[in-house]
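Each of the next two complexes has chain A plus one other chain: chain B in the first, chain C in the second.
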Partner chain A sequence: MPEPVLEVRQLVRHFPVRRGLLRRTVATVKAVDGVSFTLAAGRTLGLVGESGSGKSTLARMLAGIERPTAGQVLVHGEDVARLSRAGRKRLRRDVQMVFQDPYTSLNPRMSVGEIVGEPFAIHRITPAGGRRAAVGELLELVGLEPGHASRYPHQFSGGQRQRIGIARALALRPGILVCDEPVSALDVSVQGQVVNLLQDLQEELGLSYLFVAHDLGVVRHIAHEVAVMYLGHVVEHGPSGDVYDDARHPYTRALLSAAPVPDPAVRFAPAGDAGRGDGAITLEGEPPSPTNPPAGCVFHTRCPLARALGSEAADGALAGETAVLTGERPGGGHHVPERCARTAPVLEPRAACHFARSVPAAVKVES
Partner chain B sequence: MSEEARPLAGAWRALRRRPDTVAAATVVLFFALMAAFPALFTSTSPRSCPIRDARLDPQGWGAAHPLGTDALGCDVLATLVHGVRPSLLLAAVVVGVSVMIGVTLGLLAGYYLGWVDYLVSRAVEVFLVVPLLLAALLVLSLFQGVDLGAGTFQVILLPAVVLILFGWMPYARYVRASTLEAKNLDYVTAARSLGASDVRIMVRHVLPNAIGTVTALLPTSVAGVISAEAVLSFLGIGVRPPATSWGIQIEQGSEWVTGGAPHILLAPLVCLVATVLALVVLGDALRDALDPRLAR
Partner chain C sequence: MRVRKAGGTGPEGTGRAAAERDGRTASSRAPLLEVRDLAVEFRTAEGTVRAVDGLSYRVDAGRTLAVVGESGSGKSVSSLAVMGLLPDGARVSRGQVLLAGEDLLTLSRREHRDRCGDRVAMVFQDALAALNPVHTVGYQLTEALRARRGLSRRDAARRAVELLDLVRVPNARGRVKDHPHQFSGGMRQRVMIAIALAMDPDVLIADEPTTALDVTVQAQVLRLLAEIQAERRMGLVLITHDLGVVAGVADDVTVMYAGRVVERAPVRDTFRAPAHPYTRALLRSIPSAASGGPQGADARRPRLSVIPGRPPSPAALPAGCAFHPRCDLAGDLCRSERPPLTTALTTQPHDDASSYPRASACHFAAEVLASHDVPAAASGRPRPTGRRDARETEEPTDA
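Right, the complex of A and B next:
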């Protein structure tokens, strides 16, 4: 495995909830609660999960916008928190962010040239050949014309604006780009162009991406590895193909089955209808509040597997389970919580056997 | 840098294309000229006030008293012309300094929140609940024996201090509110993740997008200052005689509106309304011109 450019160890971000006259902390929102992973040079890690799972908070911590409550972020092996102010500024140049909404991420009162050239102004750098030439080159790199520098953001379409945002992020020649849902605000036709641009840039400049998205299709297309987040934890992490084709964690399976398939016949095929799709796994209930996550495995309150195990779950056996990814990923392979890995054979048939109603049927198939 | 100069050049081009803007600019220039060179507009002294000529009706151009005389027999046109300088200077100084104080404090409060915001917000509330006249009386008693001199600036110094002291709060409030809104937008986050300093973020990103409400407030504030100054004059801490101002004229003229001499009030009132309207139009045009989204 190549040298990691970015390493995250047990990263935690808690937001205090303050109430009352004395602003006492009455609760803590555990947005990110112990996440570890590594990102190698030239690779893309896709981060998926539903709203509120902590994806964006994680992305913002990596880009230096949020400070972690605990844990370490290592860029090229250096702990960001331990560095001096100047050192942090230097490292910050190496991790840049692409934002979700291209309509709010560009200052409407600055010209494109000022926006893309601002990183140079902030870091007091005069690039070789002058700032204007450098801005022109950056605009060409992302598929715009150098002449666009004198225009203003409102004169561009969403896709073009996102290209401007990417050009700004690339100005300081970073090694790592944190993309927080970079295409989810764009038209589907434009999404493809921007994703392709990102892939071309990765090839050309050897960039590493942390690609946050809730669109599983886009992540499958661009990511080499996928990490699935639920309630501030990574519940499954592995090479893209493995996670998509052989998801082990019940949450990942539910997430994958909820991804829209552009074919109604497949989409609504009954569960277990061989060769026509797995049928949708419907998770019951809402995600628990991140202020008071369930003890043990955070997913056990909604886990069809936990329910299938029935009495064992009721005894609280699952509550004591550390069904969360911790520490290093052994051997860089497919990684899920131990319990899910152990119980996985029970779920092995590709049909939604752990889907509460179909459990008996699936068991029959197996026996 | 030419990149910096371009928005201003564009602003000038957009300004020129609007006839209402040109008219408004003409009005403002006219009064500015009057303030600078009052002798061009009248040869009568505002201090020669023969009481037997009191409350003469307007006599038209070329006559001794084109706009008539006031209750004391002073020439209305001469008073008007000589009152422009203190009135406009006072308005400009008060609005300018209050905006500077208000915008700075509002920006700091909205950006840093925490104890800065606590201090600024409480200060705003304290100054808002103290009645202007009460505070004016206090300042008056503090400065009663002080002779500041007779120059235009010295004449307006006292009312300026009082009006600034109790005039900066609305700006601070508006700017604080729009700063709160603007500072959470992605482009501010983007600048921060690039490592921009707080000052740079405030000046380049937050302020230009938060100042809109204040520019809309400015022209009417000018009118407010001129009329507030009239009230202060009544208390003796406004512009002091023998200097004159539009505020004093309006104050004195209002007694005679129903007494057969409405021109004493109407002359300065028309000038005040014209100035304020011109500033409203100019303010609108300037705001549109500086907003790249509205440029053609």
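Right, the complex of A and C next:
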């Protein structure tokens, strides 16, 4: 295993919700609630989850845009929070970010040369051979022409703008790129070009990526490892082939079976039809609010496995388990095993689920 | 793990409506909605730009047609034209929109919208923008019913609850008094669908209805649409860029590129063997969640198959076939002569044979079809593509 370049320990980010004249804190949004992982040199960690899962907040903390409420971010073994201001700035050079929206993340009043060269100005660095030459090289590196430096962002298409954003991120020769949904805003036919570029750059420059995306196909393609987030927690983390082919967490299963597959044999059929095969799971409802996440396992209120085991436990058919009632509304609930509702499961070894061993072997969708 | 599926049945009354509609279509045998050779132009500072050029499709009762294309392909503009909702500066320059045999484009704008209001409904991508923030959803659900059918307030209130029940919004009775911002994204999209269903339309046009939603919520909404459509035998036109969604719900597909139809076929045929190089390339470029990805630790990983370059601006379409600069099959003929949409394609007959004959607008359609490359497995194929290709083909907009 290569050396970790980035390590995150029990990272937490809570946002206070303030109301009224005195701006009193009335609630807390637990956007990220105790996340740990390591990223190895030259590797890609894919971070998937739905909106509100905390994946973007996590990415922003790693890039230094957001301060953690608790926990540690270690870059090359150094704790970012313990460093002096100057030290943080130096470390920040090594972790750069690529943003989702190539239309709003580039200043329309700056030329491409100014945009890509701005990191040099901020960090007061004169690259060897001068800034202008360095910008030209960066543009070439991402598949644009050095002559494009004098143009403005509106003269470029979405895919080209994303290349400009990548060139800017690479200016200070970082070791780590945090990519927050870098291809989601692009047309399918252009997405692949940017994904391939990121892969080329990784191999040429030995970069490490934290790749945040909601598109499970893109993440499978690019990531060596995948972490699945739900309500501020990582619920499953493992080598991407393992996670995709044999998910151990019921939420990962549900996420994978909900993803549209370009195969007409796999249908979103009305209830009662065979539809997407025996492995298909449709989750009911939507994720609970991160201001008031469920106790115990955060997924237990929507978990099909907890529901199935809960009714077994309620009938006394599950040895050693007692059932409790749960549900969004008091009274109108269903049974789940008591453990799910009371104790938060640990991520061990791969899935944070008390009953990971009860998740049946994967049903592969044949294509 | 038990498989859970959204259950339940629709409210009473839909069975009757479906039966009536069956009678209607059986007697006329015309498609519910047919678009013939539609062209839409925009007047811009640089002159007239043709956004849609010769779009034809038909929708039958109980079937789903997907209109697929990337941004700028004209897929959304064409549905606005069908509904009579084109913005200022845009006009239909050619073609017919036949609703149960009547050409809506010969009517006045007001009559056009009246006809649509009764029988064709539309669902938009952004429910937050499409809903009125100052009215309750109950009010918006029944606005049309009160204005057009003269429902009393009490009947309207009851109907609003029925409609929310129909789209499975929990606690419908309590929620009709809520405003749009009090709903989550998925629930808002359900409210939009409920509003569209209020007038019991024959045809529902859904423009990227799930694009803004998370995958698990998207699956719920697509399943709901499939259910409602099957119950009511509606015709559904689904406008989308997502071929996964197309494969998941559509019966037939029309693929648009640069304002024109490049391929149309029953969905199974297109995915089994696309007949246009653009469709084929699009299918190949989808990264699969079912297979592929980095294999060994240090081995050079496969690259995604890509379409070089980018879609042309409608203001500056290439001569000949609009796809030729990005096409791996392009020859001299493609650069000079625009290929017509040809229906003379032989396909293997199968049980799903619809009234949707295959067609492709490619000089080499027969070759594409014969090459029979199974695209589903092609996602991880190593190809010499990447940034060098992009530099050769992508030019700045104003170059």
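Just a few scattered comments:
One rule holds in what follows: the second predicted complex is superposed on the first by the 297 of 367 C-alpha atoms of A that agree within 3 Å, B and C clash if a C-alpha of one lies under 4 Å from a C-alpha of the other, contacts with A are read in each partner's own complex, and residues count from 1 in each chain.
Quick note on the criterion: contacts are C-beta pairs under 8 Å (C-beta built on N, C-alpha and C of every residue); 3 or more make two chains touch, one makes a residue touch a chain.
Remember, it's a predicted structure, so these values are computed and weren't measured experimentally.
Clash-free side-by-side placement of chain B and chain C is the outcome of superposition onto chain A. In the superposition on chain A, A:P119 contacts chain B only, with no contact to chain C. Legend: residue contacts after superposition of the two complexes on their common chain; A:L197 is shown touching chain C, with no touch to chain B. Once chain A of one complex is fitted onto chain A of the other, the partner contacts of A:L283 are limited to chain C, with no touch recorded for chain B. More residues of chain A lie in contact with C than with the other chain of the pair chain B and chain C.
By the touch criterion stated above, A:K89 is placed in contact with chain B alone, chain C being left untouched. Applying the stated contact rule after C-alpha superposition, one finds that A:G20 touches neither chain B nor chain C.
In the superposed pair of complexes, A:V142 makes contact with chain C only, with no contact to chain B. No C-alpha atom of chain B lies closer than 9 Å to one of chain C in the superposed arrangement. Shared interface residues of chain A, touching chain B in one complex and chain C in the other, are 154. Those residues of chain B that touch chain A in the shared complex are 3, 6-7, 185-187, 189-197, 200, 204-205, 208-209, 290-293, 295.
The touching residues of chain A, counted against chain B in their complex, run 60, 63-65, 89, 92-93, 96-97, 99-101, 104-111, 113-114, 118-119, 122-123, 150, 152, 154, 165, 168, 172. Residues 1-8, 70-71, 170, 184-187, 214-220, 222-223, 226-227, 230-231, 241-249, 267-268, 271, 281-283, 285-295, 297, 300-301, 303-308, 310-311, 326, 375-377, 379-380, 385-391, 394, 396-398 of chain C are the ones touching chain A in the complex.
Residues of chain A touching chain C in their complex: 44, 50-51, 141-145, 148, 151, 154-157, 159-160, 163, 187-193, 195-197, 199-200, 203, 214-218, 220-224, 240-241, 244, 250, 253-264, 266-272, 275, 278-286, 304-305, 307-308, 359-360, 364-365, 367.
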